[in-house]
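Letters A, B, C, D and E mark the chains as written, and numbering starts fresh at 1 in each.
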Amino acid sequence: MLRYTIRRLLQLLVVVLVLSLLLFAWLRSLPGGPVSALLGERATAETRERLTEELGLNEPIFVQYLKFVGRALTGDFGVSTGVQPGDSAAEIFVQRFPATLELSILAIVIALAVGIPLGYLAARRRGGILDNLSVVSSLIGVAVPVFFLAFLLKQVFAVDLGWFPTAGRQAGGIDATRVTGFFVLDGLLTQEWDAAWDALRHLILPAIALASIPFSVVFRITRASVLDVVDEDYVRTAESKGLTSPVIRRRHVMRNAMLPVVTTIGLQTGALLAGAVLTEKVFAFPGIGQALALGFERRDYPVLLLLILCAAGVFVLINLLVDLSYAVIDPRIRTRGVR
Amino acid sequence: MALLEVRDLSVTFHRRGEKSTVAVDGVSFDVEPGQTVGLVGESGCGKSVTSLAIMGLLAKRGATVSGSAKFDGTELLTLSDRQMRDRRGRDLGMVFQDPLSSLNPVISIGLQVTEVLERHRGLSRKQAAVEAAELLDKVGIPDPKRRLTEYPHQLSGGMRQRALIAIALACRPRLLIADEPTTALDVTIQAQILALLAELVRETETALIMITHDLGVVAGLCDEVNVLYAGRVVERSGRHDLFRVPRHPYTHGLLASIPRLDAPKGERLSPIRGSVADNIPWTGGCAFAPRCPHAVDRCVETTPEMVVDQVVEGDRLLRCHNPVEPAGRAEQEMLS
Amino acid sequence: ESERGDDDGQSGGGQTGGTMTFATEGAPKLFDPFYATDGATFRTSQQIFEGLVEFKPGTADAEPGLAEKWESSEDGKTWTFNLRKGVKFHDGTDFNAEAVCFNFNRWYNQTGAGQSPAVTGYWQDNFGGFADGKTPSLYESCAATDESTVELKVTRSTSKLPDILGLPSWAMQSPEALQKYKADEVVAQGDSFVYPEYATEHPTGTGPFKFSKYDEANGTVELVRNEDYWGEPAKLDKLIFRAIPDETARKQALEAGDIDGYDLPGPADWEGLKSAGHQLLIRPAFNIFYLGIGQKNVAQLRDLKVRQAIAHAIDREALVKQQLPEGAEVAENFYPDTVTGWTDEVESYDYNPDKAKQLLTEAGAQNLTVNIYWPTEVTRPYMPSPRDLFGLIQGNLEAVGIKLTVVSKPWNGGYLEDVDSGKADLFLLGWNGDYNTPDNFVGNFFSDPNNRFGTGNSPWGATLSDEIKAADSEPDADKREQMYVELNKKLKSEYLPAVPISHSPPALVVTKDVSGLVASPLTDERFDTVSIASS
Amino acid sequence: MSTRTDKIDELSARAADDAGVSLAAAAWRRLRRNPVFLAGAGIIVLFVVLAAAAPWLAPHDPSVPMLGDQVVKARNQIPAVQDGHPLGGDQNGRDLLSRLLLGSQQTLLVGVFATLIGLGGGLLLGTLAGALGGWVDTVVMRAVDVMLSIPGLLLAVSIGALFAQPNQYTVILAVAIVQIPIFARLLRGTMLAQRHSDHVLAARSLGVKQRAIVFRHMLPNSLGPVIVQATLVLAIAIIEAAALSFLGLGNPDDRIPEWGQMLGQAQTVIDSHPQLAFWPAGCIIVVALGFTLVGESLREALDPKSRR
Amino acid sequence: MKVHFPIRRGVVLDKTVGYVYAVDGVDLAVRQGETYGLVGESGCGKSTLGRAMLKLTEPTAGRVVFDGVDLSKLKGEPLRTMRRRMQMVFQDPMSSLDPRQSVESLLVEGMRAHGLDKDKASTAARLRELLSAVGLPSTSLRRYPHEFSGGQRQRIGIARALSVQPDLIVADEPVSALDVSVQAQVINLLEDLQAEFGLTYLVIAHDLAVVRHISDRVGVMYLGGLVEEASSDQLYATPLHPYTKALMSAVPVPDPEVEDLRERILLAGDLPSPANPPSGCRFHTRCPWRQETLCDTERPELREVLPGHRVACHYAEDIRDGRIRAHEVKAQLVQDDWDVSPDSSLAGPASVTETLG
């Protein structure tokens, strides 16, 4: 298991390196970039040239890349030019990552909390009204663009009904102490209940919007895998033992049916990150997704580079975690994987 | 009174948008305590469905079960789900064909054995674990204590099947149904398992329904044999009689088509023509008619009824208009 | 439901106290206005800092700030400022003549990264070079003649003084804090610059609000009232600027009551916001939107007739009416009418497609094929929706038979770069005024002949440049005005390096509970007069 | 005798009525009766017909602001429903109905081309990796892993953002590139399974040439899941293209209408002129739903497990 | 002949840390025109041996000489041409037929690959001939594999093998997937075809009865090695290897009289893992006749004990003559965990398609 983990981590490193080179070369070959970002419409051809030289952007790409790697090794990934101009990209990541993580966790929790029971019920009542309804709604859930859903949710529940705040992570007037960067957690840690509650309220709508796709996937996978599992021979064996139905459901059906769901959760992190770009934009939620959207809009290359790399890294890492946790849940892999 | 009396058991499957299929079509047989009854027949003839219907394990939706299956005087088919759960595992045990897929892959063998003990014998975890180790030992699994903590994939095929048998026998059921328990196993392992089953049945006076397509297995184990074809019993007899004088052309064909280890070499096999796919429904005549070398016009005009065979001695039931003449008997006896 | 604090109970009649949350497009880059180039920084620094000169609220006109009065020498090269007395910086140190000179010297003595156009672009635009003398500088010296008198010497006379001193960049900062927090230690790092502690955490000025904290994770800047303010103290207890980059999100936040106001509502929303009971404060238009004509690549564009044809082809009236917000006007000069030298005696090119066609024919340019650039992923106050504006212009030009090769590029993704390097034949661009002098507009556009219009390619390019410089250097105000009037006329009739299209007013919006906010044409509103009724 | 055989024939014909149908035929039979599939197919057919006939159906030129004089941004005026303009006009005074109709062309084109390019690229890579194996497989699959390690939409957005000059083709390309590794991986998986399957072994032992094995045996038998995936990707492509437009990375030239772009542009006026957002949003949702329904039902129909 | 499948694992690059000894030192000859039967329990390497003999799996060591030609030296085109002469019939009649090819194209394919389909008419005639040889109606050509029953499909598989006029046919469990009643049809067919075309067969099966019925000579495999080889009558009459004896006694006979009288040799425990085979005689862990040390340490050679009867047992004669008695064997643990490649199940997104982007 350890070797396997190390191996995967090394692979991750390679992926990140290759990706960084590709991204770097690509970004550098594009027009615009830091110079335009820093100078804006005040720029003249002359000042442009000066700045280009000052920043070393006229050097060969690979020299620039090596310099970049050199700096990156010291934790310096460059300074934002558009998202939060002046802040270092690393700082932006550190600030915003907890926000997106908090949001994604809540979204996944919602997706699982709704998707799994619904998937189970739909499978058990296959072909029934509940089944058909939830299947259709999960299909619609996939077909509705996330940003549109986010928009509707916000318009209805925040703007029109006023139940939730419309934007951001925390209301302006709340004087919260920051400890971990996870606002809800911070609120709980410092016992600033109002801050925690307020932060949670800010999370709910975006999390629901973000949960729409993982929900559909979790629901359908749960349903399909429950359908598979209930037909498995070992469930029949369990029935033949005369076990009570809760025991069969818990121990024999769900435990096995959850295995594919666990894998999907890992894959969903990708969808979540992508969804976060859209949702955070709509809810002006200062997370990674918003930074990415702004970064694209404002051509903030250092931030884009770091965030895309981190997104890829996190995605790969979470999949590794999922695979490892899979091994923990599934003894077939656990007992064989250990060496 | 027999321990299990199955009368006119029929199972019909309905699938949305498709014709419903009659998988079991009026099967009747009895099982006495301590007796081993065989159900043989080709793939798809309804053996498993029969056993599942008795165990109440067919899905409620999509399957209609009619007829009666009385266990010790209690009608099983009309028992409530709850009552049935109380019986399964305690009075009725079952062993399935594929030992790997029949064990839950993510739960330790130990838990899979103890859960049935906890459920029906009200034992605590600890007691159940001790009992479970004894059980595994009894079915011939070496080092049972360690095996309890292992998972199915860590056991070999034979050991898995033993574990399944241990589970089925945990609460000393009065009736054990074994659905092709050895088909997935190698011959040497099959022999071990069959010997084990025979021994356990003898020891505990458990009644055993042995389901198989292997006539050899039946020949070695069963007191009485039911031959199924397309959902109906076509011939029933004690095993000695059956193998000596097969009366139904199907039984006869089966026996003639398998190569025997002890038969002289060079003899050509005489196969049954066609395949199971050539069955016709029982409604219009005999389902076996298209493949039957003995078929006469009557075979496709009227459905044959199960009748007591008058020609040979012994209790033989037969569903055929034109059975194989016992003349073959003399021939067979000469050969053996 | 409002997110404002509940601690405003004591305030009587909503006059003092309370917290106001105002949403802006972006978060400030830093808090040291000297190094800043972004609006968000200036907005904050306007509340914390004051300059010698300030702009009168609601106008772009200079008025006394920390200097009570000033006068210049005959030749316009020596300026004497009399400072306000009893003013203290937020750190308790005194504001005096020495502090003023300290600031000037700080600016003038930048080294290293401090000389980068990206860091001190405003200084270089306005004052030129630094102490090292590589580039000539407008600044010569500063002397504290006494505790409250400063003598500022410049190398030449310029129309920009004293107005430029009202720019937020030249706000007075506490010398002690500047030194303590190493304010000048800006360094280039990778593709950008890293600013010192002072700029990010300890801005220290004399203004009505003090810096309290910056919650970067949440994108909010919190300012609190400066109780020791020399003038009338601010009414609000707390002022919060909150970054909500998405315009629609800002609007919804206001509708939901999460914020008390926001900057730059989209023109399409104005009506709706007003009818929902909010106060829409329209700023006087202090910008110019033009269709630039690059003379570098297509020879035909160097022909005045062709440029005139283009001017006639564009239906500016319709454009203003359909696409621009309330209060927008068709532009005749290259700057709005509040700026010196504006004149209505310029040649106005009315919408006349037939005339345009005729002019093209006369110039032998019936088959004129040019590229036209328009920017994506941007909105500017003078150009609320580039796509829609471009759509109209494109239709107009095509209607007179000009063949267009359309190039759209992201604002920061090559658009500005291409336009600046002269790749564009026609392009959409504009300018937001910084302060009220003509030079801030035309000087910026044309004084360097090697500009984005490629005027250097025309024989008059250098002349134009000289004329602009001459006007700027004229110390006499009346004479200067006349020179600018002439310049404006020639710009339209003889040169026509671009077609001025419109001035359009940006706006801000606050709830009905907010009072005392005065919209500024320079978009640098001050919030000390603002009060909020408790709700 | 003959009566007996006749009778048997008749009876067995009746019994075998539903036995021995091919996988595809069986799938089709199930599909034909599956309301989910029918609904999806109906939607797709409807929109394809609309798109094909759009130039004739559309009452006006979608790029001309014929109602331009009714547009007043300053007062948030947008041409209302009126004679000849059953849905009114858009922000620039162009006929909304015509834009919607013509928009279907673009949207379907984006979807179809993005899918085709993704499919083509994936097919090429997957076939190479799956058929050749060895180091080709390793190299291709590592590359695919790198691509897969960036979340789909994010990759599309990056690609979209990083084109120097975004236009309709860059959108297609951005969405397509993201699909390539997915198809490649899928195909490679099935191809590998095929490589070790008995019928490929049989062909090999017959001495059939490698190329023929790949193209006659492995590829055709691997296509099923790929086709299903392609249907789903169509829906995804349409939604992702819309998301790109929403993020401002779509085709900036809006004279040729496209739903995602229309929706993106309508956001700012959604509360005052909801129709501008709802029509295109509705269309996107319905079309995406159509493809999803078809894809899902195909998947289910072809999955032998679902045939219980 | 040896076929070892490497077990790979490693941190960065895969390295081989062990082998599955699927076939380990098998040495056999199939004579022209005979039927050689190969039996053994599942996983003992029968299929691997069969495939390696046709060079469908690359042997690790050893050679296969076919009609004087050393196959291990052949590569590319010569190997391809050589394949015409040796064909295979597979266990699963469904999966071994490409579901997307009509019977006609299945049959023509091989002929085309070897230039046997010269002109339309002769090909058509040949196809009819093939079909009638395996007893399928000539209307079958246009139909697809799924339209046939199991037995018929197996006939198609046989026809395909015959289509290139091979000399040797390796039949890997040709009947074990078939219903008992159909098995006989295929067995008879194989026998008829041999008589008609003078084929040489290598028949692999786990059913001893079937193998004995069809073969002239029979080889018994255990854990990658051949333990006994004899003519089929002799093998049945006097099995010499303890494993063969046990196997023989374990096969159930459909005759109650025989069954009741039979004396069983029940083997204890299970087949050990081929990744970690026991030392010495591979069978010693289960052998009731095991003798101290020699059996545990030295692997017995296959030696000719009787004319044409080879056995790999140190004590074959002693056992036959009753000099050694059977004793009880305690079952040993067999850990079934060697066939793992960690990446197959842990390789991350296997179903990216499920996630919808």
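Keep this in mind: contacts are C-beta pairs under 8 Å (C-beta built on N, C-alpha and C of every residue); 3 or more make two chains touch, one makes a residue touch a chain.
Only a predicted model underlies this, so the values are computations on that prediction, with no experimental measurement involved.
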item	value
Labels of chains that are neighbours to chain A and to chain E	B, D
Labels of chains that are neighbours to chain A and to chain C	D
Rounded Å distance, chain A centre to chain D centre (Cα mean)	25
Whole-Å gap between the CA centroids of chain B and chain E	30
Distance between the centres, which are taken as Cα means, of chain E and chain C, whole angstrom	86
Chain D and chain E, separation of their C-alpha mean positions in angstrom	46
Junction residues of chain B, two or more chains touched	153-154, 277-278
Chain E residues counted as touching two or more neighbouring chains	149, 337, 349-350, 352, 356-357
Shared-contact residues (touching 2 or more other chains) in chain D	20, 152-153, 161, 164, 248-249, 267, 270-271
Chain C contact footprint on chain A (complex, rising order)	30-48, 50-51, 54-55, 57, 68, 71, 76-82, 84-88, 91, 95-96, 98-99, 154-155, 158-159, 162, 165-175, 178, 181, 183, 281-284, 286, 290, 294, 297-299, 301-302
List of chain A residues in touch with chain D within their complex	11, 15, 18-19, 23, 26-27, 30-31, 135-136, 139-140, 142-148, 151, 155, 159, 228, 231, 269-275, 277-278, 281, 292-293, 296-297, 299, 304, 308, 311-312, 315-316
Chain E - residues contacting chain D, complex	51, 54, 56, 80-84, 86-88, 90-92, 95-101, 109-110, 113-114, 144, 146-149, 157, 160, 163-164, 349-350, 352-353, 356-357
Sites on chain A touched by chain B in the complex	127, 232-234, 236-245, 247, 251-252, 255-256, 259, 329-332, 335-336
Residue numbers on chain B that touch chain E, as the complex places them	42-43, 140, 142-143, 153-159, 186-192, 194-195, 213-220, 239-240, 243, 253-263, 265, 268-273, 275-278, 336
